[in-house]
Structure formats: structure tokens, C-alpha cells
Amino acid sequence: GEKRQATIKIGINAPITGDIPKVGEGTKYAAQMWLEGIQAAGGLQVGDKKYPVELVIEDNEAKAESAVKANTKMITEDGVLAIIGPQASKQAIPAGGVANDYQTLMISPWSTNPDTTKNRPYVFRGCFLDPFQGPVVAKFIKGEFGFSKAAVLYDVASDYPKGLAEFFKKAWEEINGPGSVVAYESFTTKDTDFSAQLTKIKDSGAEFLFTPQYYNEVALIVKQAHELGFTQPIVGSDSWGSAETVKLCGPDCYGLFFSTHYAAAGAQGATKEFIDRYQKKYGYVPDDVAALTWDSIRLVAQAIEKTGGLTGDLKKDRQAVRDQMAKIKDFAGITGNMTFTEEGDPIKCAVIVRISDKGEFEFYKQVCP
Amino acid sequence: MQLRVENLHVSYDQIRALHGVSFSIDAGEIVCIIGANGAGKSTTLRAISRLVPADKGAGLRFEGHDLLAFAPDKVVSVLGISHVPEGRRLFGNLSVLENLQLATFARRDPQGIKRDMERVFSIFPRLLERRTQYAATLSGGEQQMLAVGRAYMTGHRMMLLDEPSMGLAPLMMLSMFEALKEINRDGTTILLVEQNARLALKFAQRGYVIENGRIVLEGSSEALLNDPEVKKAYLGG
Amino acid sequence: MAFFMQNVINALQWGSFYALIALGYSMVYSILMLFNFTHGDIFMTGAYIGLGVATALLALVAALGWSLPGWLLLVATIIISMFITSLLGVLVERVGYRPLRSAPRASAAITGLMIGIILEYGNLALLGTQRLSFPELIQTTTYSVGSVYFTNKKIFIVVVALLLMVGLHQFIQKSRWGMAMRAMSYDFPIVPLMGVSLNLIAPLTFAIGSALAAAGGILYGMAYPVLDPFMGILLGWKSFVAAILGGRGSILGAALAGFLLGFIEIFTTMVFPSTFRDLIAYSIILLILTFRPYGFFGQAHSTQLRL
Amino acid sequence: MGGSDLNQPMLKPVLIKRLRDFFAPVPALAWLAGILCAVLIEYQWGDALAVALYLPKVPPLFGATLVLKQPLLFPWAMLFVCLVYGVPIVLIGRLTAGPANRAAAALGRMPVWVSVLLHLLLLYIALHIWTETSDYRLQVAKLIMIAVMLTLSLNVINGYMGEFSCSHPGFMALGAYMASVFSLLLFKADRVFGAPVLPEAWGPYFFPLALAAGGMAAALGALVVAIPSFRTRGDYLAIISLAFMFIVKSAIENIDAIGGPRGLGGQPHWSTLPAVFAGMSLCIWIINNFVRSTLGKALNAVRDNETAAEAMTVNTRRTKMVAFLFGAFWAGVAGGFYAHEVRHVTPGGFGIQNLAEVLAMVYFGGLNSVVGSIVGAVSISFLSEILKPLLLYKWIVIPLILILVMIFRPTGLIAFRDFDPRRIVGPRR
Amino acid sequence: MSLLQVEDMTHFFGGLRAVSGYRLSIAAGEIRGLIGPNGAGKTTIFNLITGIHTPTKGSIRLENRSLIGLRPHQIAARGLGRTFQNMLLWRHMTVLEHVKLAHYAQLKYGLAGAFFGTRLCRAEEERVEENAHRLLETFDVARFAHQNVTQLPYGVQRRVEMARAMATRPKILFLDEPTAGMTPEELVQMIGIIRQIHSEFKVAILLIEHRLKFVMELCQRIQTLVFGEVIAEGTPEEIKNNPQVIEAYLGKEEVA
């Protein structure tokens, strides 16, 4: 039905239920907040026409097959122009396959697995890849503290921490020579007791601990480390970048560093505006998922706008949107400036954040590739 | 009139097993119910113990109480009606002694419990020998002894016995019926269900014959023993 | 040596949670012969109730301007929460298990699983998706002997787990209530003939089991102060492993197996690369059960009815 | 006792009986003809009708997805379903009953498999046309069929043999990985295994082999659970099987050659409708045959009383071995289909959540029942798809439904029922 | 030439000697009885011979081949059929299915046959079904063929169990209290049935029973067991008048 393509539909493939409902919520909220802005402006201006926008939000239950079904449904039934999500690689990789097969633009704001976008011209991502962030952290620590013995603690069953841990290890050993990662310990998703691993880490004589985990685990890891008498610095990655980290962790986390996309405290411009709006609306400081989703959806919007007009033929329009997306240069996102590589991965800068003694995320340093 | 059963209907999954059974027992009597396989003997006892619900319209009174108003456990603990269920149904994961102790769950008379326990052991000395053994590992007959002993321990204003002789050796059976007689003399009413009609009638004072869920005949034991119909159908010619 | 001792302490704490949850599990499980898949989620709910009670108490105390010692508040929290959670247990029994008393056990297990899911998502719907942190009722004090570290909380937790274990064991093995519960697991329809009310024993069992879960939840919240609605799932399943590894119906066995499970997990991490932890830990459990098919204290055929 | 008291419950049965009598002479063949007609109508005029009824599109799942999302459109969707499906199926089914009965009788003179194959073919054609209009439908249908296989295979162990096995996700994972490795290694250029060994075009012909390899791998894994089952059972075996599931997950996580925790992706899209349909039909047919045979009834005897089974010459060890290996095999095959449909598998995807789902399907559908498993898998999958708009509340509603069903039917919706293919394809009256 | 030969069989449960030095030799076609007070070890002897327990000591030979170490189903397939004191029926199976399944060891088709429903499989199923129906007729339970066993009256269940045991084509049939819970009338019927199967199938029978009428009428020879030891063996007449047996088992006054 071409005639009825009067509104622009954008699909959101989010894990509303399942293991990571918080991620789903962030995705949904960011997208809805964006939609409000668009509706206030009377629609999305494409060429000479203003189109109303509709979000099609599908729950992928944090399951691969549901993510695949959701994508198929949104593409073939709902006729979406582009899809935001899924967030976790476990869903983003298979769902990306579907989007690519149907030649529909999909951007996963949060998935760091190379397979998500690899050989898939229609699939993009909104975050930086592990091969970039790993060395960033390694270099920063070397420069800042001059340590040479590192310990890593990560979740082996989860994509993101595992990838990042590997790249960090590689980078660290390139700088400090083989064997300089003296403890490389893992656990499994949903574990809450890390005492055995931390005891091993403490015993290994590591000078610091790198743990690219999510905020809920960070709190437990840091506290347990301190209870076991581990007093060296603990360093993290962008997954620490949630207001919850400090809320759950408390003073134990004060003074620690992590690399991320943006620093909430002392943020400026669009970033600050986003954070304030989000906090006002939903009552808490947005985490990285929300911020990345926000950027991704704006990227999609920009690509749509740049097509200069929609034909009403979904297939053609989808192609046009994807082509415009690939061409985007220096997009000013709240999580940094982005340009896409051949594979659809963004090149962007990272910042190092320090958790202040008041528990705020302070900008410390910027690191660009 | 200690127990009066009137117009008792019972159904299992919509299939009627009892079609209006009525009878009554005086305190201190020994009464037996005889009948063929599947006639509804066990069901009658179960209905008195409230293990199966009676259909509407039934009247069950025990010493002036409306039985239907009592939960199954209260029938035992408050009214003192004990029941030796069909198929023994022991708690195999408890020892012999624990099975007997559990039966006194609701009793508050330590003296009485002690006396009753001694009595059970004197009727069935084998149980005393085997008191620490799991009930499940007892031989068939030993289990039957425990089932009777256990029922006695729960209380004994009235005992409902469902085929207590099953699996007992002849000698054992004799001594058990002797003991039951004695228990009866001490004031326990006994309602006995037996396949072995001759045995039952010899033991009881009165009897009822049940057929297809209905009482078809009643009378004193001698009368029934000499009834030609009963003789033909239930006494093996 | 210090390294080893430290791990022993780690294992004791971690094992005590498995033990605690397995205790409650084993209560309901071995008594009603039901896989009580709800237990993990009751544990979770207990932790949340504990959090609610603790927060309320703290607010009340602050409002009244009293200054009570932390341990008093902790004890009050535990007691109140145990009570509230036991009511939940009774409700679960009433809704999910009683109607299925004579159904195949697996069916009741499935309703349990479903009630668990309702508790999880009910929590999510009620409290939102953010994780909550458990308030610090007592100050953590860290002690060290040489380079072995432990905290006051750890000692408290292990002691409570051991006490409950011994107490419950006595209760089940020696009291007539315990006897009735065991009998019920064997052949419930006949239990009323002993003058025992099923509708008393079953809720009681659930109440005790759930109260234990609440105690476990609060202690857990103290040790791992990040609560989320799904925290009970994995722990629940693993305690299920412990409860049965100990031998069906054996309270002591369940608790010991809980500690053992903790030790296995911690020590495999200690000795092997930690990525192999689950692989090795569960292979050990599989082997144990292959060679001790009825757990540590389980009775094999001896309690099944004679042929 | 008033007369009205008696009448009230009578009213409904009379109506139902009338209806039943009306449709009693309709054989499967006629129903199939009706269904075929309906899907053809939808294929031809569905879009036009949908537009006429204010619907944006042909409702993909009988309009069920609309109830919650756009309730206003739901009546129209119902009307659509009535017009497109209800009327043709009922009319054509009833009208062709006569000739269809004669045809079925004629077929009845040939070997059963001819008739069964013909019915299956017709059913397939209908399904094919039905899924032609919507890829979403197609995908949902395929995943449901995979769920049917999984549920059925679990029912063999949990329902027929009465063990509480928790290892099914593990079996499925083994099958999924083995089949994936097979197809990736031989037929597909990918990151993990490099260039293919055989030309890619040959691939689909070797798919059954890949699936069989997956099934075999799962069956081999099942030995780990089957052997302890000789000496223990019930809860203890449940724990062994649960441990097995954790072991499989952890083992796959530790083998980097097959992607480790990041998973294995890029499988060719071989799980086409005909492939999945054929797989499921074969699975149902074989399992149904087995459980109806005397050899298969040994499973029930082992469940109900093992000692008695032994005393009646039943080799219980062999029986247990067969049940576990056989159940695992089909779970592995289902895993292979799954991997080639979703085209990315991770060890984390085969965990406790899957277990809970498939257990729910088995016990909801009905223990010891082929029909029940089909009903269970279809209805739970379908429910879970259409209730998605409820978001979080979906997971409160579905469990509630399940609890209610369990309370009123403790052994599941349709327990203890296998079917006789002869009866189904045969003529009526 | 004896069919079953048990020599010097002894068994302990923990410290309890349940059976000691038991001997038995049954020839083809004999009907033998085993009586004794409760807990004497009768059921234990059945369990030992049929392989459910392994004797602490002793030898058991069927047609001169040792049964020790064989699994129960192998022993059953060699020709030892039995019933159980507590009736072990399969709760969810119909009467017909019970009897059909007992043909397990005689089935000629294998797994592949069952999976694909081969011609052989179908032929076998038909044969088994026919045979089962015949047995049901013999035991007068044919009208319950499609009923679930649990709902049947006690006596019917007993006969189903016996039909099931006969379906294994035993050379010797072990009956453990076959008339417990039966009316006198049924007892008479049971005597008839046992005579019938005995002559029809040429099966030897060993039975445990407390109903003396039954034992005395059927058995050619009777053993009396007390505390695990045989105290007397002989014809019914001999046993009835043996003072030791009267003292330990029968009692002075005969019951029923």
C-alpha cells in the first residue's frame, strides 16, 4: 500500500522484557523523548514536506529469535523506514542479518561485536568498537600512573566485556610486554560473588584492576575488592557510565576512572541539554544506552532528511536513507563526533571520566583515535 | 446411637459409588459390613472419615455432632474416630516408632499415649522388635500390624477397620481379632469391613450386606450366617 | 597459605548463601515433594521486603529522632521481613500448590515456576527497572589476620546459616511437626487420619521456608547490596542443586551440600582458569551424583514401599 | 430440584452436540480443501478486502496482534477472518464432505502412507500459500514448528518416561552448534572457519545431513544423562540434567574455535518452510509411531513402576537410553533448524529461560501426549507473540493463564493422547 | 529333572538374616506352596530368585543355567513370571496395555521398526494384541480391556496382574498372596483360573498364601518357612498335621 505511506515509521527493537529491562527502558525513553521533539515541531521535514513520525516499538525479550521476528515484523508488516536497535550483540547480530536481507537501514546503538556490521552494508552502529576503547584505556593508565602490572576481571559470557577485556589485554601487553597482565579473571553473567577471582587478583600483585562491567556488577566488584584488602585503583569502561553506578556503589567508587563517550557532570551544550531533559522527564540521569540511542535516532533522522524527499516507495526510500547514512560526516552527537567507516562503524573520540568525591562524573581527558 | 449414617451418596468423578447408604451403630458394638468387590465398603468408611466428600443430602451424625461439619483431621482428633485405611498406607519414610508417634499428633495425654503404646506392642510384639526399621521395609503382614496399631494410637472411641486381616498369617489373625475384642470390651466401637465374610460375621455382633452401593440386608451375625442368600453369595457356598 | 585461607573464608560466606537458600528450599521441597521453583523468587521478594522494611525503619527512627544501634535495626528488619514473607509463602501455597496437591508433582513445579515469573515481573512493573541498593544497617568492619581479610558481616552470615541449619534439622527430625511434614511428603491424603490438618502443615512449611528465604535475602542484600528482580533465578536453581545433592529430605544434607557447592565454585576458580569454573564445578557435581545416586544423605530404595 | 436447574447445564451440550453432529461427517480431506480455498482467497483478494475493511494490511496472525495495539481495528479484523477463513472453511468443508469421504475411502485401500503423504502435501500447499503473503507470518510459523519439535522431544522424556529432565536447552545447543559447524565448515566462507570445502550451491542438499549430525551430537551428549539414569531418578536425575545444561553452556563458552561466548554466526538460511515442515512432520510421525508401539509403551511402564517393568521382561536400561538419546536427537535437530533460521547462536541463548519456556509448553499442552505437545507449543508460542504489546505485563498474563490451566487440568490441556494417522486421514461415518 | 534349582540361598538385610540356607527344586508343571508366619522371608525369597535382590550366598539355576548376576528383566525373559504382594501396576496404562507390554521380550522388531512402523512391526503388534485379548479372556477381565487399572476393584486388579505375568510366557509363575483382599467367592474362581492356566500353559507355579483353603486345595507340595528357615516340607496333609507348623503358623483352631 504505497498511498498510505504518509507517515514515517521508525522501528525500535528493544529488550523491554527479559534479562536487561533497564536497557530496554533507556532505549524506549530516549526514542520517545526524541519523538516528542519531532511532534512539537510538527513532524520531520524531508525535502519540502513535513511528515508525521511514528515509532514502532517491539519488544525483543533479550532473545535472538524474538529480535529476528521483531525485525521481520517491523520491516514486512509495519513498513518501517529504518530500525534502531537491538542493543546487545546477541540480538543485534541475528537481527542485523534480517535488516540486511531486506535492505533496510538498521543501527544498533550499543552492540560492540564486529559481526554486527561486518559485510552488512545496511547495518550501522552508534558506539565505538572494542579495538578502539581497549587501547585508549591502556594508554591512559600507562600515561597517568606508569603501572606495568595489570589485572582484568570480566564476564566471559557477555559479549561486550569479553571483547573489551581481550583488546585491553592485547594493548597492554603491546605496551608493557608479554606477561604484564598478571591476572586475567572471568566470571559468568549474573554472578554476584567475585571473592575468589579478586583474591587471585590481589595475590597476583597487580597494580590496578581493569573491569569493563556493567554498573550493577561494578558496585559489587569494587566493594568486594575493598573488603578483601585490595586498595589499588580500579578502572572501567563506558559501561560504567550510568547514574546507577554511583548510586549502587557509593563512596567505594569515588576517585575511580573510566573511559566513556561523554561526562555527565560538567557536560555542555547539546549533551547537557539532553541530560537535563531526560532527567526532568524520567527522574534519573540517562545512561550510555539512552545517550547512544538518542544519537542513533538522530543519525537516522538526519539521513532521512538528507534524502531530500521521499518517493513513497518503501524500497527506494530505504535505499536512499541507507545511502545518506553512509555519507554522514562529522555528525555532532552528544556522545562525540562521528563519521562512519566502510563497515558502518563510527569513528569517534573517547573521554576519560573521574568519579569525583561527590560522586559525579567529571571530565578528565579526551582521547581520540 | 453413636453413629448414624443416613442417605449417603458418594461419587468419584461423577460416577456414583454409593447410592444412599443408611445404617447406625450403638456405642460399644462390633458391626461389620460385607459385600463383593467394588460394592462400596471402603467408600463408606472413607465417607465417615471425611476422606471423600459426601454428596448433598447425606446425614452423618456421631454422638450428636454433625460429622459433615468436621474436617478430616478433626474427625480423628476431636471425635476420636480412627481408620485403618485400605492398602495399609503407612509412611514408609518414617520408622515404625515414628509412625506410631505421629499418630498421637493431636493427643495431649502423655499418660494415655504411653499406655496405648504399650498395648500396641503387647498385641504385636513384632513391632517392638522392628521399631527402628523404616515402615517401608516391613513385610506385608508386619505392615498390616503397624497399620492397625497406628490407628489405635490416634484414638479409639470408634475404629473403622478396612480389611485388617489382609496378608496376616492365620495365627496372627486370630490373635489380632482377640485383641480387637478386648479393645472393644474396653469401650471402643468397631466398624469392620471384610472380604472374608465368614470371619467378619463370626467376629461381629451385627452385620450389613452392601451391594452396588446400597445396603441390601442387615441383621445379627447368626441370622446372616444362616441366611441362604448370604451363604451362597458371600460365604463360598 | 594466606591465599588459601582467604579462599576458605570466601567459600564459607558464599556457601552459606547456598546453604541458607537450600535450607528453605529443602523445607518445602523435601516435605511436600515439590520442586519449589518459586523459592528463588521468594528469596528475591524477601530481599526487597527487607529493603522496604529497613528503609521504613530508618525513616521512622530518623523521624522520631532516636538513635538505635545498627544491629538492633538489623534484627528488627530480619524479623519483620521474615514475618511478611512467610505470609507471602502462605499465599503461594494457597494459590499455586494447594489446588494441585494431588496432581503430578511436575505440574505443581510448573505453577511454581510461573508464580516465580509473576513475582519477577510484578516487581519490575511495580518498582521499575532500576536496581536498588540495600541500605547499610550495620557498618562494615574489616578485620585482617596477616593478609587474610574478613568482615563482621561475613562472620554474622556464616553463624546465622549454621544456627539455622542445626535448628531446622532438630525441628524436622525430632518434633512431631517435622514428623508430620515428612509423612506428608510420603503419602499426603492419609495424613488427616493421623489427626493432622494438611491445611495447617502445608502452609506452615511454606511459611517457614519463605521466612528462611527472607532471612537469606536480607543477609544476601547486606553482602551483595545490589538488588534486581532476577537475582533469585540462578541462585534458586543452584540451591535446588544443593538441596538435592544433600539428599532428599535431609536438612543437614542440604545445608552441607550448599557449603560444598560454595567451596567447589570458589576452589575451582582458585585452581583453574576462572572461565572453566562452571564447566568443572558442574562436572564435579555430575560425578558426585553418578557415584552417589541419592546424594549425601538420601535414602535409596529403602523407603519406597516394599514389593 | 427445579426443572430449570436441570435445563441450564443441558442447553450448552445440546448446542455443542448439534454442531458436532453437523460436522461429524467431514473428513480431514474436506477440511483441507476448505483451508486451501481460504488461503487462496486471501492470497487473491486479501489486500483488497483489507483495504475495504479499514485495515492497513492483511492481518498477519488472524488479527490477534491488533487486539492490544489497535483495538478499534480488531472488529474489522475479526470480520476479515470470518469472511476469509471462517465462511470458506466451514462451507467448503461441509459441502465437499461427500466426495471427500469417497476419496478418503478410496485412498484407504492404498497403503496408509500414500494417504498421509497426500494430506501432508495439501497441508503444506495451504501453509505455503498462507505464508506467501507475509514474511513475518512465515517466520512465526517456522519458529512455531521448531518449538513443536522441541516440545515433543521433551515430552518423550518428561511426559512419557516421567523423568524431569532439565537438559533440553543443552541438547538443543549441541545440535545447533554441530549443525552450524557442519554447514559453515563445508559450505560457507566465514570468519571462523575460512573458505568452504564444497561448493556453496550443494549446501541445501546436505542440510539433512547437517541436521542429522546435530541430532547425533545431541544424542551423544545425552549419554551423560542417560547413564546415571540407570541408578537414580526423579529429582536426582533432574539435577544431573541441570548440571549437564550448565556444562554444555560453559564448555561452548570455552571453545574459541566455535566462537566462544560471542557465538557462531553466518549460517546459511536453509531453514526454509518446506525443510522445517518436512522435519516437523517426520518428527511427529516417528515419535507418534514410537510411543504407540509396544516398545514405546515401555517408557510408560518405566515411569509408572520400574520394578514391575523389569519383572515383566522390560529392559529398563535400554528403554531409558532410548528415551534420552531419542529425545535429545530431536532436540538437536530442532537446534539445527533454529541455528539455520536465526543464523546466529550463542551459548547464552540456551539457558534457564529456554528451559522454563519449553517446560511450560510441555506441561501446558499435556503430558504423555503427541497432540498435547503440538497444542502446547503452538498455543504458548502464539500467545507469547500476540501479547507482546503488553510489554512487562505479558509475563504476568501468560503465567496466570498457565496457572489457571494447571489448576483445572493438572496434567495439561490434552494429556495422554496420541493419534492414529489412519483414523485422521480416513473417511468419516 | 528339575526346572528351577535353588541351593543353600542365604540373605541378610544389614544384620538381619531374612533367609538362610533355603533350598528349592521345582519340576516342570508342579504347583508348590510356600507358607509361613508374617516376616518369615517368603517375599524375600521371591525377590531373590527374580533378581530384585542378589542373595548374599547361594546358587539359583533355571534349566541348569545360573541366574545369579542377571538383571531382573533377563531372568523374567528366561521364564520366571511373577506377581507382587502389593500389586505393582502401571497407574496410567489400560488393562490391555499392561498385558501387551509384558510381551516385550518376545517382540521381533527393533527400534527402527517402531520408529517407522514397518510391516514387521505392525504384524507383531497385531499378534501381541490378539494374544493379549486371549489372556484377558482367560482371566475374565476382557470387559475392562480399555479401562485404566487404578479404577478397577481390587480383585480385578489382581487378575490383571496375573494375566500380565502370564503374558511373559513363564515356565514358572510366582504368585505372592494372589487372593489377598478377595471374597470367598472370588477365591473359588481363582482356584479355577489357576487350574486352567496350569493345564493350558503347562506352567509350574510357586505360590505364597495365607488363605489355607487355597493352598491346600491347589498345591502338591508345601514348604513352611519360619524365620527364614524351612521347618517342614510335604504334602498338604502332612503339613496340616505337622505339630511344628501348627505351633508356629496355623494355630490350634483353623480359621476360615
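Each chain gets a letter, A, B, C, D and E, in the order it is written, and its residues are counted from 1.
Please note the rule applied: contacts are C-beta pairs under 8 Å (C-beta built on N, C-alpha and C of every residue); 3 or more make two chains touch, one makes a residue touch a chain.
Worth saying up front: this structure is predicted, and the values here are computed from it rather than measured.
J.: Given the touch definition stated above, what is the smallest step count connecting chain A to chain E?
T.: 2
J.: With respect to inter-chain C-beta contacts, which pair, C-D or B-C, contains the greater number?
T.: C-D
J.: By mean C-alpha coordinates, which chain is most distant from chain B?
T.: Taking each chain's C-alpha mean as its centre, the farthest from chain B is A.
J.: From the mean C-alpha coordinate of chain A to that of chain B, what's the distance rounded to whole Å?
T.: A distance of 74 Å separates the two centres.
J.: Distance between chain A and chain C based on Cα centroids, please, to the nearest Å.
T.: Once rounded, the distance between the two centres reads 36 Å.
J.: Taking each chain's centre as the mean of its CA atoms, how far is chain B from chain E in angstrom?
T.: Roughly 30 Å, centre to centre.
J.: Indicate the residues of chain E shared as contacts by at least two other chains.
T.: Touching at least two other chains: 43, 52, 84-86, 88.
J.: Hunt down the residues of chain D that sit against at least two other chains at once, touch-wise.
T.: Each of 249-250, 253, 307, 392, 395 in chain D touches at least two other chains.
J.: Where does chain B touch two or more other chains at once, residue-wise?
T.: Counting only residues that touch two or more other chains, chain B contributes 137-140.
J.: Provide the residue numbers of chain D that touch chain C in the complex, in ascending order.
T.: 158, 164, 224, 227-228, 231-232, 235-236, 238-240, 242-244, 246-247, 249-251, 253-254, 307, 352, 356, 359-360, 363-364, 367, 392-393, 395-396, 398-400, 402-403, 406-407, 410-412
J.: Which residues of chain D touch chain A in their complex?
T.: Of all residues in chain D, those touching chain A are 47, 51, 56-57, 60, 134-136, 139-140, 143, 191, 249-250, 253, 260-263, 265-266, 269, 338, 341-349, 353, 385, 388, 391-392, 394-395.
J.: For the complex, which residues does chain B have touching chain C?
T.: Counting only chain B, the residues touching chain C are 49-51, 71-77, 82-83, 85, 89-94, 98, 101-107, 134, 136-140, 143, 150-151, 154-155.
J.: Once bound in the complex, which stretches of chain E touch chain D?
T.: Residue list for chain E touching chain D: 50-52, 71-73, 76-77, 81-82, 84, 88-93, 97, 100-105, 107, 109, 111, 113-117, 121, 124-125, 128, 164-165, 167-168.
J.: Which residues of chain C touch chain B in the complex?
T.: My answer: residues 176, 179-180, 182-183, 185-187, 189-200, 249, 299, 302-306.
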